[in-house]
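In what comes next, chain A is part of two complexes: it sits with chain B in the first one and with chain C in the second one.
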Partner chain A sequence: MIDTILARDSFLLSTELRLFWLVAFLYGVSLFLHIAYLLTKKNSVGKAAAGILWGVVVVHAGMILFRTVEAQRAPFQTLYESLSWFAWSASITYLYVGRKWKDIYLPGIPVTILAMGASLYALLSRSPAVEPLSPPLQSWWFEYHVILAFLSYAVFVVSCSIEIVYLLIKPCLKKGKSSGYGLDLNNIEAFHRTSHKLVLFGFPLLTFGIFSGAAWANDAWGRYWSWDPKETWSLITWTVFAMYLHSMTIPKWQGNTASVFNILGFICMMMTFLGVNWLAKLLGIPSLHVYAV
Partner chain B sequence: MKKNEIESNQTIIDKAGNKIWNFFSSLKLIITVFLTLAVVSIIGTVIEQGKPPDFYTKEYGEKIAHYVLSIGFHDMYHSWWFLILLALLAANIIVCTIDRFPQKWETAIEKKYGAEPRFIKNLANSAHFTVSGDVHDIKIKVAERLKKKRYKIINADAADGASIYAWKGVIGRFGSDVTHVSLILILVGAIIGNFWGFRGYVSINENDAVNAPQADFKVRLDRFWIDYYNTGEVKQYNSLLTVIDNNKEILTKQIYVNEPLIYKGTWFYQSNYGVAYDRIREAQLILKNKKENKQIGEPFKVKWYEPFKIPGTNLTVNLVGFISDFGFDEKTKQIYARSLEHNNPAIAVVIYDGDKPISDSWLFLNYPDVFATIPNSDYNLTFMGYSGLYYTGLSVNNDPGTNIVWIGSILMTVGFIFAFMIFHKRIWVNIKRGENGVDIYMGGMINKNKILFEREFSELVESLKAKWEVGK
Partner chain C sequence: MQIRTTWLYKKFSSIKTSILFLGILSFFYLLGTIFPQGGDINEYINAGGRFIFLVKIFGLLDAFTTPWFLITSLLLLISLSICSYERLLTLMGKQILDTAPTKSYIIPLNTGENIDNTFIKKLNFKKSYSNPSATVVTRGISYKWLTLIYHLGILLCFTGFFLTYMSAFEDEVIIYPDETKAIQPSSQSRLQRLLGKKHKELPFKIKLEEFITEYNQMPSIDYPKDKLSRLAVGLGWTSNSLNYKIKDDSLFPKDWKSRLRVIKDDALILEKTIEVNEPLKYGGFTFYQAAFKQDIKIEMDGGPLAIDAEVGKETIIPGLEGEIVFKNLRTGTLFKRDGTTEKIIPFVDVYIFKKISDGKTDKEKIGRLEKGSLLTIGSKTFGIKGFSEATILSYRYDPGVPILWFGGIMTLIAMALRIYSPWYRVIYRVDVKDGRTLLKLSINTKGLLADKEHLIKRIQHFVLLSKNP
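Take a look at the complex of A and B:
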């Protein structure tokens, strides 16, 4: 009986792994095409890059759904699952945000780098085993907390990608050179505003993510805040984005200072998501949040 | 002369006060404080917090450890300078909020009647068109249109025309204020918890009651058990707890990880568990014939301190002691527990013949039949097994600041909804009888999200124009 279950599980798992390799490969293809677009400035190449990304998002969604059904729970418990979810949610958020753009493909480069990187990291060094929910994770708050946190992550990824493209393209436009990447002096500010709007959306999500995490911690560990590295880094991320939002209200700072905070916020967010795990390993600091698998 | 001196002193104080006020109301200070908090928090995640001093000496060496300890980086979040940073942040937020509030309030409640066309033309969004009809009639139609769009309206009639002021979403202007107040509340709640909160730990054996720490009631553990998945992984740790207050059983609740017991502001959390080292629930024994070493009858179970009469004999057994890892000190002739592990379990039993105690001895699980347990008889008693007694480990927490933090969190949610989803939109309309008919001047503005309003405003203008078929 157990043998049949194991055989079935390992069959499903190997199918899923093959699918995930395909997904990672396709993220890579999309990245390659995005870079080709950067070099050739041909809209057809950009279109192909975005098209591939649409395709891989659909396949990846199917894969995540498959695992959800298989594990009979939300698909973001282990780090393997979280990385997969991160890659997917960042990609789909990017595609959704950019759905009305006309021939703007450059933010796809950072997005596909992250999506491919996260997928490869999951595949190469994380255990794909389906773990049942351990007692601390069996909470009403678990799914809400993670959904909110990851939604904010995805939003910040896209916001930062736009910010980077803006910072790189704007000086070219100011010198009078046309950039040739679908951006000109007429639409670049509107393009940049998307980044601000995304943070306005992501910041409350991050805040609610922290609140729900605190409520959960209060239920599970008896304290809503314990200055655990993950908690602290999420607060640092929150602080940096708060600074970004406030500097956007100072006209002088709206330009570069705010942009720096936005990118810094993204870096802090990556620290919150992954950095603390490495930090914990590197320094041997125990964290309640570090995934066991 | 004297009067002048007093006055100049007064101005100095005023000036100083203004300077301090300006210092705290600067947005740049808030960003500096935020930045400082972020940077020191990073240090807090790199240096492990709350360890004994020796730990840092070992980790960083004498010299650096000295700095870490004297600055307080080892317990940063409770250090005086971290608290000062938080206080600075709080002061900054309060001053900023108060500083900007009056002007916001003015704008919010300001109702401009009779706005002139010149004023309207200068607004961020404006339109002008001419229609034919009666001024009063047109005013009512425009007002109705605005009301349909959920604007609140006041209007006034003038000699040769009329004017309307319409507004909605004024609460959106105060989103940031609500957010700031909520942040202060969270800080206050955290500080209250820091100073007046209590954290502790108790372990309770099954069927035992203990005094709740720093409280005037008792808690009893009725049962502890573990649930497993089919695959063998732990699913849940459970404790059935009963609160006893004034010798009365008040309530019984099953707690588990993520589901605490709350009574009189004290929270009890499932934290860990174990098997008691000095007590068991029951022992399994068997009676044997000494000479032939053959068992007599069936094995039987004896419960803790519940005398048991062995069937078919005149003997009664009472289980009176247990040690999980039996040790015997040769020098002092003392019995002791070598560890809390169950390495060498032993039970103490008293055996009665009728009412008369005849034996008082230790039986060993790992060494059966080593010691004669019932002297001067044909029988021997063998210790076969036992079921241990669980204890549960509970984190105990009483934090009077928690609810303030939750109120702050909810308020911040409300503040975000106000700030990010509700916008203050204002529209001024001037209706004037002109040479070619009735001139309608319409203008409006929004406090943020200008693109959203541009669209809404032009739609509104178009729908009004359509009403009178202007331009067709």
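Take a look at the complex of A and C:
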């Protein structure tokens, strides 16, 4: 009996892992085509890059569902799983947001770099084994906390990608040159407004993410806030995005100042997600609060 | 209101100032992630910490209690309060826009149509006011009120943090099964320290009826560590390492539970089984399942004397070189992968710690000692004579929590409504020009779900429809 179960679990795991490698490979193909588009400015290449990304998002969705059945619980509770979820949610958000754009493909470059990077990081650095959750993780807060926080991460990724493209293309257009990437003086501001809308959309989600994290910590550890680096970074991210939203209400700051805050917010978000201890290590300063994910 | 015209007041009500304070706070937060918070300076130096001078001067190991941090937070709070007050004054005052409708949308109009009716009855708008130059109608929850409410919510959260900072305290209590324990907090809140007060014993006692441990059986895989082998596994060149196996150490904690009773004046007040994530709340205090403590009685060579040891701690046993550590006492219920459960025969893993040179210790696992059987170490045999498990509860008094929850929920709801829900304001006027009636209007929207194009279509639809009744 138990041997049959273990054999089934092993089979499911190896199928899932193969699917995930395929997904990572396809993100790579999409990235390659996006870069080819950057170099050739051919719309057909951009279309192919986006087409492949649509395809991989569908396969990846299937894989995440597969993992849900395999693990018999929500599939974003270990770092391996949440990296996969991050890659997928950022890609699908990008495709959804860009569905009405005509021949604009450049934001796909940062998005596919992150999607492929996150998938490879999960595959190469984390174990895929399905493991039971430790007692502190068995909370209904956990699922909401993670799912909404990650949704906000996904929109911040796309917002930052748009912001970067805007900052790079706008000077060309100002000089009277054509960008050749589907962006011109008529549509670039509307394109840029999307990044503000995305942060607006993500901000309440991040707020909920932090709040639910505090509620959960209050139940599990008996303290809603411990100034743990992960918590603190999430607060930095939140504060920087609040600064961005405030700057967007000052007409003079809507240009470069706000854009800098938006990109800074994204960097802080990545620090919260992955880089918490990296900075301390970089500066050679020991951190007592190593957060084991 | 003299003060409202001063330079300082104006600065504090400026959104740029709020950005500045938020920026300074972020910088403090950043310091708090770089320097180990709550750490001891000597520990920090021993661990190779740098910038010792700065750390000492600015108190960077306790960045969030330094005056710099507290003053900046206070300044932000003042700014937030002033901004909210100003916004309230604006909202309470009569809001008359002197903007006439722009020429953005000009729609041919049937003279007989009552435009007010169209907006109010058919399009569900509310009239704000009307004057000879224009009529103003709105639909949706006023975004300005929502903005005010969530900024006030943030203010409430800060109040909650402050209350926590001043009056929260926490402590721990260890209770054995069937023991009724009086609770005497030994730590003080900041406020108590300030007032020089000490805690009295709490007016109730806690009894532990039963302590329960549960474990999951955790099959594991031998996943390779190096990246190339992982790639090989992923490509299907080798798949053995993805086979789940049940190993010797496959017990994984599922839950720890304490069946507790609250007793006051010898009467039972409350009974609750708590677990991680499911605390007990009573009398302003919250009791959490923090951990547990295990003690074991070991018999040696079948003799009548028993050795008492705390699980996880070094124990010296006469006649044996080094120190013995009994680790991971497992007892309770095992939930197996096949869905069945079984009672665990209690066991511990036995390790020997030997000091080698340079103050280092060598750790070696000797074996597993199960209740009912014996384990030989050197020339001696050991058996488990008995064991006990006590629950470790941490408890906390924190009057800031309810205020924080209230403020947080208020912030979340108002912010979500402000950002997502649609709000429209239409300013319109009917003009007659060259014998034609025109509707001039300008539309303002807020909220991500607002759809201006759709509203224009609806206005056109009603206005044009009324042309041919």
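Operating definition for what follows: the second predicted complex is superposed on the first by the 276 of 293 C-alpha atoms of A that agree within 3 Å, B and C clash if a C-alpha of one lies under 4 Å from a C-alpha of the other, contacts with A are read in each partner's own complex, and residues count from 1 in each chain.
The definition used in the following text is that a contact is a pair of C-beta atoms (placed from the backbone, for glycine too) under 8 Å apart; a residue touches a chain by one contact, two chains touch by 3 or more.
Quick caveat: nothing in here was measured; it's all calculated off a predicted structure.
With chain A as the common reference, chain B cannot sit beside chain C without a clash.
Of the two partner chains, chain B and chain C are each touched by A:Leu200. In the superposition on chain A, A:Arg18 makes contact with chain C only, while chain B stays out of contact range.
Of the two partner chains placed around the shared chain by superposition, chain B and chain C are both touched by A:Gly222. Using the contact criterion defined above for the overlaid structures, shared-chain residue A:Leu185 touches neither chain B nor chain C, since it reaches no partner. A count of residues in chain A touched by chain B and by chain C gives the higher number to C.
Applying the stated contact rule after C-alpha superposition, one finds that A:Thr239 touches each of chain B and chain C.
Once the two complexes are laid over each other on the shared chain, residue contacts for A:Pro128 go to chain C alone; chain B is not touched.
Taking the listed stretches 224-232, 278-286 or 350-358 of chain C in turn, the superposition on chain A shows a clash with chain B for 278-286 alone. Contacts of chain A with chain B, set against its contacts with chain C after fitting on chain A, overlap at residues 131-132, 134-136, 138-139, 200-201, 203-204, 207-208, 211, 214-216, 218-225, 227, 229, 232-233, 235-236, 239-240, 242-243, 246-247, 249-250, 276, 279, 283-285. Interface residues of chain A facing chain B in the complex, by the touch rule stated above, are 131-136, 138-140, 193, 200-201, 203-204, 207-208, 211, 214-216, 218-225, 227, 229, 232-233, 235-236, 239-240, 242-243, 246-247, 249-250, 268, 276, 279, 283-285. Those residues of chain B whose C-beta lies close enough to touch chain A in the complex are 27-28, 30-31, 34-35, 37-38, 41-42, 44-46, 48-49, 77, 190, 199, 229, 231, 233-237, 256-260, 267, 269, 271, 395-397, 399, 402, 405-406, 409, 412-413, 416, 420, 451. Here chain C touches chain A in the complex through residues 15-16, 18-19, 22-23, 25-26, 29-30, 32-39, 43-44, 47-51, 64, 161, 164, 170, 216, 218-221, 223, 227, 230-231, 233-236, 239, 242-246, 252-256, 275-279, 286, 288, 290, 336-338, 394-396, 401, 404-405, 408, 411-412, 415-416, 419-420, 448, going by the rule given at the top. Here chain A touches chain C in the complex through residues 1-2, 5-7, 9-10, 13-14, 17-18, 20-21, 123-125, 127-129, 131-132, 134-136, 138-139, 141, 197, 200-201, 203-204, 207-208, 211, 214-216, 218-225, 227, 229, 232-233, 235-236, 239-240, 242-243, 246-247, 249-250, 276, 279-280, 283-289, going by the rule given at the top.
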